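Read the structure below first, then the notes.
All chains are identified by letter, namely A, B, C and D, in their written order; residue positions are counted from 1 within each chain.
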Amino acid sequence: MTTFPFMRYRTSIADIFEEERQLELQLLVERMLAEANSYYGKIPKEAAKEINEFVKPEYIPLKRVNEIEKETHHDLYSIVLAATEVCPKYGQYIHFGATSSDIKDTVTALQLKEAKAVLLNHIDDLLLLLIQFAKENRDLVCIGRTHGQHAIPITYGFKFANFLSELSIAKENLVQANIYGKLSGAVGTYAAHGTTEIEKRVMQSLELKSLFITTQVVPRLIFFHFVSVILEVGGVLDKLAKELRNLQRTEINEISETFGHKQVGSSAMPQKLNPWRLERISGIVRYLRSLLPSTHENISLEHERDISNSSTERIILPQLITLTDFILIEMRGILSGLTINEENVKKNLFLLDGRQCSEKLLVKLTSTIGRQNAHSILQDLTKAKNFKNAVRVHPQIRESLSKTEIDEILNPENYIGLAPEVVDRVVKEIEEKINKQN
Amino acid sequence: MTTFPFMRYRTSIADIFEEERQLELQLLVERMLAEANSYYGKIPKEAAKEINEFVKPEYIPLKRVNEIEKETHHDLYSIVLAATEVCPKYGQYIHFGATSSDIKDTVTALQLKEAKAVLLNHIDDLLLLLIQFAKENRDLVCIGRTHGQHAIPITYGFKFANFLSELSIAKENLVQANIYGKLSGAVGTYAAHGTTEIEKRVMQSLELKSLFITTQVVPRLIFFHFVSVILEVGGVLDKLAKELRNLQRTEINEISETFGHKQVGSSAMPQKLNPWRLERISGIVRYLRSLLPSTHENISLEHERDISNSSTERIILPQLITLTDFILIEMRGILSGLTINEENVKKNLFLLDGRQCSEKLLVKLTSTIGRQNAHSILQDLTKAKNFKNAVRVHPQIRESLSKTEIDEILNPENYIGLAPEVVDRVVKEIEEKINKQN
Amino acid sequence: MTTFPFMRYRTSIADIFEEERQLELQLLVERMLAEANSYYGKIPKEAAKEINEFVKPEYIPLKRVNEIEKETHHDLYSIVLAATEVCPKYGQYIHFGATSSDIKDTVTALQLKEAKAVLLNHIDDLLLLLIQFAKENRDLVCIGRTHGQHAIPITYGFKFANFLSELSIAKENLVQANIYGKLSGAVGTYAAHGTTEIEKRVMQSLELKSLFITTQVVPRLIFFHFVSVILEVGGVLDKLAKELRNLQRTEINEISETFGHKQVGSSAMPQKLNPWRLERISGIVRYLRSLLPSTHENISLEHERDISNSSTERIILPQLITLTDFILIEMRGILSGLTINEENVKKNLFLLDGRQCSEKLLVKLTSTIGRQNAHSILQDLTKAKNFKNAVRVHPQIRESLSKTEIDEILNPENYIGLAPEVVDRVVKEIEEKINKQN
Amino acid sequence: MTTFPFMRYRTSIADIFEEERQLELQLLVERMLAEANSYYGKIPKEAAKEINEFVKPEYIPLKRVNEIEKETHHDLYSIVLAATEVCPKYGQYIHFGATSSDIKDTVTALQLKEAKAVLLNHIDDLLLLLIQFAKENRDLVCIGRTHGQHAIPITYGFKFANFLSELSIAKENLVQANIYGKLSGAVGTYAAHGTTEIEKRVMQSLELKSLFITTQVVPRLIFFHFVSVILEVGGVLDKLAKELRNLQRTEINEISETFGHKQVGSSAMPQKLNPWRLERISGIVRYLRSLLPSTHENISLEHERDISNSSTERIILPQLITLTDFILIEMRGILSGLTINEENVKKNLFLLDGRQCSEKLLVKLTSTIGRQNAHSILQDLTKAKNFKNAVRVHPQIRESLSKTEIDEILNPENYIGLAPEVVDRVVKEIEEKINKQN
């Protein structure tokens, strides 16, 4: 009923940000806080025991919290009030020494930590698929293209290995991105607790890190960094999506996606199989990258905090993470069904009739007929309709090279450099990294 | 269940983009298309009649459409199939001569037209409130501030009149922004209909404009323009929110929002009344402005169209419009409860003890003791603890001016220029515009 | 010596923003101000006369102004001081009743007005070229592409007419964008002049508009609007650049740019002719669109103004305008040398062997063998190696259609709808608009 | 002559990007390449010797390179040609086995490495100043503010320590950001060299890293990461600038910048001392953050590369780095002259008459008169004109607490928690880091 159209891009990662889950985490943090408060003698042991028993989702329904919020207009405080209601005796000790931001920022850290783990899993799925493609196509020669023009050959494995390498770099940056909880109180001075130990104990129990200093909130610099490294993943997927779209162009047609047999390409043009899922990935990343300036603006909160970041983050974080998860899953699906049309790969490779190998020919001829001479001959020949033939019959060239030699030189399949070996070293490095982490 | 946290910013304008409403509009366009097709003899009259009777939300539930889409993976075509199912005899004539984009772009145009009307209404609400504030405070002198520093006085009415003027400019730009439907077929050549008349007739019946030429889709340039003028409204609200936040600072305290008596400012600091609703507006606009580059990227679709704009728009348009509506409504609520603390306004006005009027004094003294002389005297005096007194007793100044004259010159309330008259002319102009439109 | 690498994208429009030109305009505004001040009796007639004689670039070198600024750290005030120095007697009347922003915003308005005129000229150059292309290729049938896949045919003229239409829309929006000067004083209250007439007179003499109310500065909303409509022009050029790059792909090769005979495509691959100028346009627009959020942020100045917009605008405005001018000129050059490789256009048109016309065939067969039947036959046939042949020999089809009929139906050249007529109406409309303005 | 107005923000770091310097670096890379080529027997030893002698800025003036580029329209190839001209015998061996992007990306890596070192130095300058401020004001109690409203106290040292911590985090991220050169040839396959050793040797001699795989270019993902971490520095400076501007507001006035004695605050209002340098920092960062989406767009290059990133980077990189350097230097200057107006700090601290300490009072009273009771009493009392007095004379409170106890509780100076200790640990940690790096 309140589902925006883009809910079609929802994955289960979004559950992390649903109100129910958020409430669960908030109650968890309040319980951990009570435990630490009692451990350090700030509240009675019995209070912590009671809070640990009652401050739980099964006793505090979201509905009740929302009712209270309608009056108080304060989301976190409503939870504290709802929690107080269900505690028979020690309700007043809930939230002791904490400010709302302590709970909220810590909950956000828990959510992002959980989301990060899911995203990393889905990145690994893609890495494994890319490794497989790189290996399988290690030696499948295809034309390399720069500026949309045929350049010199590579292999399909080499093409995939480049994406593999980029995605792995993005992943490493995400792995390094830390997320922090906080329990330093109203303006970060630990005034209510009078000690930093309670924060320390709670963070340990939640397996979160904390900073040496904060204001009322964790610096939004941390969030900017986190968002920007997630965007790196999106950037690589966008590049891959663009590549796979271009390779499917009717005139290129080197790869094909699997389409369901009932799927409709076009309501007017039944012959079409459109790469709309890849276009959708491009469109989603187009949206995601725009989130960067806003997230950066959030850094400059005023004084010990203003709350202008809150709405921005409520909007941005769940979308960023859900949509990134969505495109990771989509890309996995697309790659799983991808086939390479080897016949067309070969056709395109020979489309320019060996012209791409003229550099190699130039090098060979330099020693016999001189570079300047060779260069001017070749420049003329590239304009010939049938390049290879024209080379084969050119008298000066034939003096230096046999027909077989010419054919070998002009065969683009012989001009792939170390492409296969480079594939090997990239695959090896990333396989080792993945194995090490498990 | 699938409600992202930011659903808290939802207003009823979002209904326009819900799937149910979208389906309603899609069926409407299909019916109008059938009518026009039959009018121009493209399909039998009976077909149009049947389609007009059955192709309606009451017969075609969203659930059925979604079932079909799960197989076809094509949203619009699923509607056509679902509609065909319910037509006893002439189902094949549904969608005749149209391509999916014809229906989708036309539906989007209908949605944006409807949304625009709602937004304009809410803008007018705000304009009327600003007019009222401008009039009521036409003569309430307050200090003007530049660079966060006290400058020379204005009136509170003048302050509001500036916002009034800006919002009115933004509104005019939104009023001018056209939205277009299309029915020009698969690549915009009207190949299936063989005439432009059907498009014309459908657009007339839907009260939409169309362009002289399109590709498969309405150019996304149109959408960029529309989005950017809506952002102008957001820009003005952001500025106003910032102003109202600053004027509420503890040290300034010139205005107050009405807070509900059960509202909680801070869970740790009960004395606080935080302008969080205004901060929320700032945060939301911070998000909205980031949508501009993405929307601009959408302009560059490839060839006769690629569909990468679709996901971006699904995400951006409903959010942009809903959030803009939300902040308009919020600002209306905030302004409705706003009070001006006249005592503090006056206190701040006199905070610099008349130093802001030194320019005026300089002009007066120029004729008697010379500009250079006067300037150096005044520069010294501004450093005095009690400026007004120091001026009053300065021998050279006293030779030129009486104590009463000095007091009059140094009273900032006498230095507001044409502020009230400017308020009058702005209010008059905008009131006339609003009256004319009704 | 201080030439950033991107100075290679400079056009003569940048002169408008050079310090010398800016100083000229500032002095012009000061002279006009003096004239108006004397007209309304605010300063002696002789003062205005002297100011009009001496406050000129030939007496006030930039060097002197810069020297003064090094001490005062105030750019506009340094000009006032430098101007005062050269006036023998009445120097103190320079700048009378004005604040720095009065002069600066008015000068910016003059610069933008001048820049707008240049840009509009260069847009018209492009419109005329596009009109020519649209006319010349009105009937040149080519394949239309959606999702990078062959769809149904259009004509090359139709392709260009779409760009023509979009650029014309962008132009109209730029034409409508107003720029405003101001002379309303320190906080916009006309306190120093005590009248709005002086502002009015100066604006008339400079042929500028002014607003009914401002703060110390013209609202930055005006600038956002101006910047965003210029970006519309960039958006269209980006789309056109992308199209022309894609149409030059080795596998598509429908168009060619003219390359100078000494030009080097690639240092390693001499056979290549890369569309780097078009890629450069794409890259520049990629940069330009990012300026939107910053320009939007500038709207929210604090109170009667803060100066945070100033640096942003100093950086953004000259670049936006110069780079937009650069890409307009570049695109004109590229289009002037563009050739269409008709042979390849035709080859691509027939690449799918008539499969694009299966919709048309479907319609024809519906009446004889029924839609369902026809659809399932055709779906099978599209998988045949040689589609047209397979159709020709299919028994059920041959019962309904003669070979000639089949050939006619499957010839994509017969399936361009109203493409030529649509070209005519677009060209006519825009030619009329251009003629009317002259 | 070609100096855009924003050249006023130029620092000497911009020299790194000037054409002269760029040419120097390009020649350096060509020399190193020749050396490695000869080491691995790809070119004659004599060729490397000659290249090492002649391919130097003193023989190859920028002017000559530019002349050649006018004809070839290829910047890198023009350098190769100019270098060939000056080599008496072995010119043909220059650039052997390399593609333009090899040289260009490697040069960019050298530039960014150099720029990074300069920026890190200037960051350290700021860190040291912030450490000094944090230490000096470790115990200077001031009011903490959230939502622009007085919250509970902190110390000025604590305020600075927060910025210290954030800047240090940003610095660490910049330190970690790697930059890579490449020499893997036309499409990254090492086809011309047939070995990866030459790349390895050149990178070692230039003290650069290289990747395991690239296409024709280093992935632009690397650049996005680098740009985004530099933006983190800008984000912290923006936040600091905003804070220092707000603390200078006339009504707050807790800090002052040093202004030169001839400096002019306002041409119309001589009493004003405007924080325009800080506003300028805010404006510049406002611009910088907008560069993020463009830099992200650059990631998605097509196939083995397109060159659309080149113009974007030419524009963005020098500006990003120069402007970041400029604001670092500016902020250092501003901080160096910053004074804290302790009198006003104290005045503001006591502005709310102890109301900020009501939480503390509440805690004290809970044990004697019960929480609910205490809370409702206090809520009433906060509305009293003179809060402290009202508390002092309240009968129920006086039963529990003595006047001295009340005074101590309500003195905000006693409510700073662990602010000083937190300052100590932050300062200690960052001082150690800085010492370790030297």
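Here is the rule we go by: a residue touches a chain if its C-beta (ideal position, glycine included) is under 8 Å from a C-beta of that chain, and two chains touch if they have at least 3 such contacts.
For clarity, every value in this text was computed on a predicted model and none was experimentally measured.
J.: Spell out the chains that contact chain B while also contacting chain C.
T.: Chains that touch both chain B and chain C, as defined above, are A, D.
J.: Of the chain pairs C-D and A-D, which one is connected by the greater count of C-beta contacts?
T.: A-D
J.: Measuring centre to centre with CA averages, how many angstrom lie between chain C and chain D?
T.: 33
J.: At what distance in angstrom does the C-alpha mean of chain D lie from that of chain A?
T.: So the centroids are 25 Å from each other.
J.: Which chain B residues sit where two or more other chains touch them?
T.: Expected reply: 145-148, 151-152, 185-186, 192, 245-246, 266, 268-269, 274, 276, 279, 282, 289-290, 292-294, 297, 306-307, 359.
J.: Spell out the part of chain D that touches chain C in their complex, as residue ranges.
T.: Those in contact with chain C are residues 1-10, 14, 17-19, 22, 71-74, 76-77, 80, 95, 98-100, 185-186, 192, 245, 260, 262-269, 274, 276, 279-280, 282-284, 286-287, 289-294, 297-298, 306-312, 314-316, 318-319, 323.
J.: Going by the contact rule at the top, pick out the chain A residues touching chain C in the complex.
T.: Interface residues on chain A, with respect to chain C: 145-152, 245-246, 248-252, 266, 268-276, 279, 293-294, 297, 348, 351-352, 355-356, 358-359, 362, 375, 378-379, 382.
J.: Touching residues of chain C toward chain B in the complex: what are they?
T.: Answer in residue numbers: 92, 144-148, 151-154, 158, 161-162, 165-166, 169-170, 173, 176, 184-196, 211-216, 219, 221-222, 224-225, 228-229, 231-232, 235-236, 238-239, 242-243, 246, 282, 289-290, 292-293, 296-297, 299-307, 359, 366, 371, 415-419, 422-423, 425-426, 429.
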